[in-house]
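There's a structure below that I have some questions on.
Read from first to last, the chains carry the letters A, B, C and D; within each, the first residue is number 1.
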Amino acid sequence: MKSYTLISNGYYGKFGGAYIPELLFNNVDELQKSYKKIIASAEFQKKFKGLLKDYVGRPTPLYYSEALSEKYKARIFMKREDLNHTGAHKINNALGQALLAKMMGKQKIVAETGAGQHGVATATACTLLGLSCVVFMGETDIARQAPNVARMKMLGATVIPSLSGTKTLKDATNDAIRYWINHAADTHYIIGSVVGPHPYPDMVTRFQSIISKEIKIQLRKQTGESEPDYVIACVGGGSNAAGAFYHFLNSKKTKLVGAEAAGKGVHTHETAATLTIGSVGIIHGAKTYLMQNGDGQITEPYSISAGLDYPGIGPLHAFLHESKQATYLAITDLEALAAARELIHLDGIIPALESAHAFAVLPKMKFRPTDIVVINLSGRGDKDMEAYLKFIL
Amino acid sequence: MKSYTLISNGYYGKFGGAYIPELLFNNVDELQKSYKKIIASAEFQKKFKGLLKDYVGRPTPLYYSEALSEKYKARIFMKREDLNHTGAHKINNALGQALLAKMMGKQKIVAETGAGQHGVATATACTLLGLSCVVFMGETDIARQAPNVARMKMLGATVIPSLSGTKTLKDATNDAIRYWINHAADTHYIIGSVVGPHPYPDMVTRFQSIISKEIKIQLRKQTGESEPDYVIACVGGGSNAAGAFYHFLNSKKTKLVGAEAAGKGVHTHETAATLTIGSVGIIHGAKTYLMQNGDGQITEPYSISAGLDYPGIGPLHAFLHESKQATYLAITDLEALAAARELIHLDGIIPALESAHAFAVLPKMKFRPTDIVVINLSGRGDKDMEAYLKFIL
Amino acid sequence: MKTLQEAILRNRHNNLSVFFTAGFPQAGSTTEILGILNDSAVDFIEVGIPFSDPLADGPVIQRSGTQALRNGMSLELLFTQLGEVRNTLTKPYLLMGYLNSLLAFGIEAFYRKCSESGIHHIIIPDLPVNEFLKEHKAFADHYEVSPVFLVTPDTSAKRIHEIDKISKAFIYLVSGNTTTGNQSSIQTEAIRKITGMKLKNPVIIGFGIKDREDYLQACSLADGAIIGSAFIAMIAESKNLQKDIPGFISQIKGS
Amino acid sequence: MKTLQEAILRNRHNNLSVFFTAGFPQAGSTTEILGILNDSAVDFIEVGIPFSDPLADGPVIQRSGTQALRNGMSLELLFTQLGEVRNTLTKPYLLMGYLNSLLAFGIEAFYRKCSESGIHHIIIPDLPVNEFLKEHKAFADHYEVSPVFLVTPDTSAKRIHEIDKISKAFIYLVSGNTTTGNQSSIQTEAIRKITGMKLKNPVIIGFGIKDREDYLQACSLADGAIIGSAFIAMIAESKNLQKDIPGFISQIKGS
């Protein structure tokens, strides 16, 4: 049985929790105690809804693709998170948390970023709300997502390169947490996905759940049905997927499909398909699936897409996976690129490399012609032009 | 007395007309005769409105900026055309014309582009509607707007460099018109602004008028008033300004302000401030103000912003200028950059360099605290990061 | 003002005209080339006013115009040059240019100067018939200058008849829908329809005529042809205009 | 299991512990360093289990862990190494590591191996008290291994009392809110409040203690101090551990 708020006591089944050093206890404890109340407050809701509408540009459209529908013999819609201000779903969460931080009296924000989308979204929210902002980003990602680095800097954020590990998202997250430990008193950590210690996975899911809330309403208007047959989303940490799944979690009808990054293939060592090749452990303060060796060392993930290049996954997804309430497919770099090419050429939409993984699910499915399929187009591909130019042009 | 449809017989007062070689007579004549009927048809309207909503992401928000309002002591709103699919207002027109071309039975599209926004918008619309697409772009602009060139190519458009003159928008327009002459039978020319022979200025204005239509509705909802005291927009050819002004053209209350590009200063030779230093003549098939020497040779414009780097201006604006129904200010590169910096740092919005010119009008005005000011944020600045990095970071 | 029309009609199916850009390759080339052409087998001459943005022209003519402007060529200078040689020229010559040059010069001044320079016909490709009638005709008539209009194989019969009515020299039939100098083939069928319309004006074919073969084909269909880009390309290459121009003309005319 | 607590209490305000990463700078360094420390003036020893993602650690300890992993260090190997030397060691030694290493090893297996290796206390910075009680305590008790918990100057009194109740060795007081090796100053006032709480366990200060001065200040406030990053930095530089380690310890202890 699916149920909206799968979380109880900070756990989704056996996944989740808050495995944090004592140094963060007060911060996380304060957050756990206050986040629901603040988020539910009239003041927060009014401000947040206003900004989502007039600043972010919500609701984002639910676009029916004639071309994809014809090709895949189903009724295929996409949720246009790419049209959000700053170009991805990340702003939903960044703005929510920045507002929350402000109401909690924090003046400083620290964040990690992979593709740079969360970093840009956080820097943007901080600028708007007058908070100072530090963003950690792996050195590898800084190199492959240069436009977003420039955007963050221009928005006044301090971008600090993470130099350990593969120098990607995991390492940036480590460094952001360390920074938080060292600046716990006045700083809030805006994590970019449904990962990290409780209450982050639940809080971020709530901020992103606007995606499925809108899908439901829009779908009813456009088709008469409010529940699709499928919702498909890419999964890095899993925030856009969590948001797209949320209001369908206890639907009997809707099948939920996540697309994780297989990189060069799940049987190579260059992959980020956590659920496919990972096992249970602790990463960034939560119990969940992660990629690790026999000794519990977290292994270095690989994906062409910086936003999916993460060796863990949100505990909600670990739970949905284990309880078979959602299906997770591993999509290779090449499959994602082919899907991006198809979307570009059929619909004139250049997706983020991350989102392209969700579209790559289409050729792997067998739909009935009446099936309503909603794909979450989590972000736009401007940041990925270099990769696309290499492979698509 | 202002009146919505200022145009009569293809002229705005003495401006406009269709000064075209006979080789284009049939195409332009066909367009003149059919555009209003097709645009008004239920089939067109249904398809166009649907795409604007679900594909482009309209309505775009009308965002109230607390920070700018406080700084400039007025109630300052911005119309978020930057949130449109492909990142600028250009898609409103490109999609409208592509749809029109398709209903007219054309299979091929030619377009010119300056900043690349119109080229990307056109390539996008063509991809979506299954039309083939050729885009001319000055070699100088190809160099300074590389990301958009990549986008067009990825969308399957053929991008042809224009090598004459300053190798910018004017030259690309010449070449697009030549191409049209050479492929008149099956090709529609999607011009990117309210310039060119009649019916282009009127047609493009109609497609862009959705901007002021939405402003009116949104403003009433947000303030109780449906007419602002000021509407401010940048003017290259003048399409975003035409769209933002349109539904206020016969308002007694609303003052219309256009911002043209002064480049390095109207008294230098490096400027694109057509109304300030130009005179009446013919450019690209229309009678309007243009920058020319005493011998009627069109002079080479300069602006840091590729989309404003044009030596002409739409005949509607020439008319509004001469009849004093609108005011046009010349904004230098440096003023635009300062305005961009301010918007980025106050509101977390990175504007297109073109749009930044509109924001640079603010410090030049004297508002009353109750004044409602709407600035048209015509596009996002992703394409201008290189310029910004040089000047703003 | 009848001379040109009469001359063409007298010479049915065998008129050759060339177009060149004033001030190219040097500012002074205008008069030199006019002189040489006048002594060649060419039937009449079109002098192009160089313009920064020649919409209807292909690359060869564009480039010649750009070079002419760099050479300091201007309409003012062109009229001075024409004034210098008008008494030495025996072949008809007309001006071709874009409307903006004319507007900048002043409409009335332009027609007056034409008249003073021995110009009886002008070709302004971006001047629509209606606009001519409204804004120009009075001056044109007064100074006895008349326009030549372009038509294409796709121009409607009605429109061609209108143009025929107000034209006093010839009708400029564009070989296909193309800018100047383009290699598109001559649309024989469509052209025959036009030449079969019993027009009072002779029909001269232009745009894309490049060699004797094209010329003969044009002459078989109409009253003659105009060569522009190919002539200018030759000039651009030539080291000896005195020799090359007559050679080019003879080669085309087969004389 | 009383030994460590008793030893610390006997030596009130004068306990020095050092932390080093197993397998650094070489895989075999673990036993060598343990041996040297055992013969030095240090009071007890913390052996760090290298981990790929040590959240609570600063750069010095991070880098030593990365190097140790490159050297092929593992928890399995560490237990083997400890097994080899346990009978030669007279000073108390405990393990410090992250929860994921322990989970991968297996919770019960871990505690059993600790016990077999002479480990009576462990420090797992990302293991919350509740989680310990729920998932670990049964095994820990069975194998007679007890946890040391971290507290900070900001930890509530209530929580400190809870931790004091279940702790059997000492309370690890983090000098300030900081990762290891950070140069933040010791929060004297806040620490006094904690040490004045009449806890049953001694309090040892760690994180950011780097020299004799820090050590003396820590001893003036609590029962002693732990040096990690500064010790590892010394090891990383040393060309003669046999000489440098005792020298470092004597210098700090002033003995």
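Keep this in mind: a residue touches a chain if its C-beta (ideal position, glycine included) is under 8 Å from a C-beta of that chain, and two chains touch if they have at least 3 such contacts.
Here the structure is a predicted model, which means the values were calculated and not measured.
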item: Touching chain B and also chain D, the following chains; value: A
item: Remotest chain, chain C as reference, centres from CA atoms; value: D
item: Chain A and chain C, separation of their C-alpha mean positions in angstrom; value: 67
item: Whole-Å gap separating chain A and chain D, where each centre is the average of the chain's CA atoms; value: 37
item: Separation of mean Cα positions, chain D and chain C [Å, integer]; value: 97
item: Arrangement of touching chains [line / ring / star / complete / other]; value: line
item: Every chain pair in contact, whichever chains are involved; value: A-B, A-D, B-C
item: List of chain A residues in touch with chain B within their complex; value: 53-55, 57, 60-64, 80, 82-85, 123-128, 147, 150-151, 153-156, 344-350, 382, 385, 388-389, 392-393
item: Residues of chain C defined as touching chain B within the complex; value: 51-58, 62, 66, 69, 74-76, 98-105, 125-128, 131, 149-152, 154-156, 159, 174, 177-179, 182, 184
item: List of chain A residues in touch with chain D within their complex; value: 17-23, 25-26, 164-165, 170, 174, 177-178, 181-185, 280-285, 290, 292, 294-299
